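Down below are the structures I want you to see.
Next come two complexes, and both contain subunit A; in the first it sits with subunit B, in the second with subunit C.
Up next is the complex of A and B:
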């Protein structure tokens, strides 16, 4: 009886946004009397950081400090329509809507600044720290606050903008499946190392090495949170969780977290993440959505690693000690492969 | 634990941004870590009532009679709702996109199709009183035969799970009982292959497991409106669903959400909002409807179990020449969103690889289990599990390093994909290389030197000269709406190709501005065809004969079933049909 180590690999891509399109999102941006901006959305922050990533996108586009932007969501009376937070669409769809809205507001802000500075708006740049100045002449400057106040209280302009992003709904050929599913894909590869006990059938995930291509990491901390959490979910999906342990039999369904098992802190494997960025041509600053795809490579990588360790193919999730042990016995013992 | 590999695709990026790319602290973190962020359940009202549902104890049963009189006399009970109280007691979520037929009652009246299906909603002063009264709802059940396995469900003579789809499967484009993918000729490739690799893969249902269970609180607002605080993942999606079910103008509904304690796909189904609002309407008091953890796990829709069969034709050198899929999505008792996931999965096949011949038949199947719904990776996670386990078998069959095999078959810029669009912006090869490097796996020279930017296109960007099509699974008499409908669907024939195929499809066009969507390439090269007007849906003849109507108000499925649905059109936005 022994512990066997094995390594398994998987690679995936992931479609960003609702399949076939037809899923618009809108944004409204306006300045308050102090030159601070509110972004009004009806998008949902599930913990993934919707409010934060749209705030950064708005600040970058407006050319103002991120502290000067607040995102207000989700009230159906004040926030314009958003299809919702699913299908890895939030960053891509809502981000693009926010860019369009912020660009319109920025243009008004720069026109107001130009009028105050008596220059051409086309010659103005923002420094991202609260100042607007003439390109190449930093001393000819006005603060974004002063520009927004001049617009609202002297010039009679509303510093505001509207944005929408929509990929029109595409068709599907019933006979060939020809379609335009999405406009961009994220990518990932992962190598998982496991240890399998050939006496108990238990599988421990020891280590995860991954590479995720996300277009652009708009906020690296939010990306990391997604990738770490998502890989954990993938690991749990592979070897712990199910609502129907005897699928398709409905018996033995868990009803609470005592019977619905997930990996605890002691089970979490070290995860070494590399992030690649190949900007999506139609993504906000090239960003794709890392949220959903991060779990996907873990499931097959764990199964492939179990095979590598003891020679048992688990083609039905989850990987339970019972299935592993039955497989080992059917093979007449563990048969390590050591292919990776 | 996270590093950037900026050396890849450096030419594709300007790294000159100010706020983007910075680890800016979350806007909402102070509220979250101090426990002050308001979630839906923090909006407590004076006189709040609590709703709990009486549920079916059987997998499949006819309802002879529901007697709520004893429950109504229980302490604290204000009202007991049954299907009769729901203005439009039949819905399908994607009717908002004009996709599919209304198939699911809000509160079942004539039969239940899964264990846990709600038949009555008790509204009481306290949650405990609501729980006690639920036990007093008397239902006279007649158990029916049930089916739990999707492949069993497709066999002739299987119990009919959902009367609206008497074949126990969703109907695609009003034409087939599954979604097809046909690209090239897999059978010819199988005949010529060095190796055939086959596999069967079964995903397990799992729970989205948010910390905050699903729920909503509704209350009468001033000016004849209702406010609804909700944990939904799609605010207007739930609002539109409530407006339809309650037959109420959406302007009378005020939805507030946006701060949600985890969703992972499980908070799209809009189960709670209509019932909470209905409770507020009928009691004139604030009502809360929320699941406890047991309901979240066993009544709340899980990730669906998917079953995939894969068959590959493989050359000696590891190139995959053909890949054939048969997939079964276990939708459970009602469609919810599974019909959509099937199309999404078909658009994803054959995974991130360039394979010259691909074929798939993917079914959305009804069984007598809890309806399944979206979950992180919806339509993709299950098939990726199958594909990547299968790739490992292919690598072993040809005696290759599994990473070399992925890179050899990886899609590159300019390659034609099986859904007939050109690949761009690829990065699979580089992800594989980075992981191999980190893990100390020695790649073959060709794999080490490969890039996503080179080696694609050319012959790999051509559509197949011949695609074998067929019309097996043809059904008559269904109309599942205008969603994703392609104009002028000519009957398919077997060989030769059903129409002259251009040598090369246009790829997805990305605009310079960065915020314009890609054009629909199909539209630009197909001859203009009249778009059929949305037809009145036709009731499948079989079900009309054998199935009693769900209720008087929905007794005429057909036109009545879809009337009043909001239809989404990418041209005109939401509009009333």
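Up next is the complex of A and C:
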């Protein structure tokens, strides 16, 4: 028996969102009597950081401290409509909707402040720390809380805003077959090193090196977190996970964690990540969204690395020891490409 | 169904509640006692989300009978923070972005606490072994391992 090392590469263009019904998301922003803001969304945070990022986006647009913004994703029955948390669309679609809603709310807040200060709303700026003042005259100021309260209790205005982001549905051109389904692409490249045991067919991922281009990383730590976790998920799908039965009878399909293989903390490989930021013209503050792209390049890269190591081309996932062994046998032995 | 009174210590406080016949500790803690810290992931001992400490040692509460903790000391994630101050492990998880959806976190924290309580300066391999029975869907484990090592380090240099 021998262990064979191989390296595999994959690069992807990853479309953000989808071309279905315009893929819209809505956001509603309003101030509360204590001068803080609520952003109402039906977009769900699964742990990917949707709430944190939309909170940052709302605070930045409103010009108030991030602590003054609360994102409420409680109920998709009563909240403004959202297509959902998938297709890596959250940051891009929902973020843009939040910007639009926050801009409208900000305009009302500034009008309310202008009325209290007896100045023109166009001359007002926010300092991002809870205060609104006349440009160039910081002492002519009112807190965002006082402005919102004046709107609420004296002026009878709602400091609120509505936002929607929609990319009109792109139809296929019947003559050319052309369409523009996506406005925004993220990109990734990955190099994986594996070790394949030609006696057992087992594949071990030894090392991953990647570069991900995510637009602007609106929250760099969340981006890194998603890339680390998502890439591991990709590795797991490449080598272990499947809902399909290994043998051709549904009854043999996995029904629990004993039969659905998921690697544990002892099975991870070091992953060296470079994040490239090229702000997207139509993204919220340039953001795209790492999302599913974290996982995608790992699968083809692992398959290519196995090919490099033993000359077996696996075209059905996951890369199980059985498939590797059958491939080696069909080839009459391991054929490391280095020795071809 | 017969109910049995179970008296035990939960996070330092004396507690008594009735357990159904054959009820497991996870159900007992969540439904009977009202401690929603330990999570139900699989109910069959393969995910670790339900990990609690009994007399300082990690146990899968879904596989343990409630009455087995009578007279014993049970610790759950709900007791980790004291007087409003987070446990060093919780701090390290937060600083290290070691949770995403957070469903595995209560089990991870308790498995890690059991480790650090008996081995304050574990090696990376020892950390991996200690959380080897805990599945995480989101993080890829690396941030969790780093956070546990960081908590140990911080405690040693504090």
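One rule holds in what follows: the second predicted complex is superposed on the first by the 312 of 340 C-alpha atoms of A that agree within 3 Å, B and C clash if a C-alpha of one lies under 4 Å from a C-alpha of the other, contacts with A are read in each partner's own complex, and residues count from 1 in each chain.
By definition in this document, contacts are C-beta pairs under 8 Å (C-beta built on N, C-alpha and C of every residue); 3 or more make two chains touch, one makes a residue touch a chain.
Small disclaimer: the values here were computed from a predicted structure and weren't measured.
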Clash or fit, subunit B versus subunit C on superposed subunit A: fit
Touching partner for A:161 - first (subunit B), second (subunit C), both, neither: neither
Which of subunit B and subunit C A:222 touches, first, second, both or neither: both
First, second, both or neither for A:191, with subunit B first and subunit C second: first
Which of subunit B and subunit C A:266 touches, first, second, both or neither: second
Partner chain(s) touched by A:289 [first = subunit B, second = subunit C, both, neither]: neither
Greater residue coverage of subunit A in the superposed arrangement, subunit B or subunit C: B
Touched partner set for A:231, first subunit B, second subunit C, both or neither: second
First (subunit B), second (subunit C), both or neither touched by A:85: first
First (subunit B), second (subunit C), both or neither touched by A:242: first
Which of subunit B and subunit C A:201 touches, first, second, both or neither: neither
Minimal inter-chain CA distance - subunit C and subunit B, angstrom: 5
On subunit A, positions contacted by subunit B and by subunit C: 46-47, 49, 221-222, 224, 228, 230, 233, 256-257, 262, 271
Interface residues, subunit A side, partner subunit C - complex: 46-49, 221-222, 224-226, 228-233, 256-258, 262, 264-266, 268, 271
Complex contact set, residues of subunit C against subunit A: 41-42, 44, 46-47, 97, 99-102, 127-129, 131-145
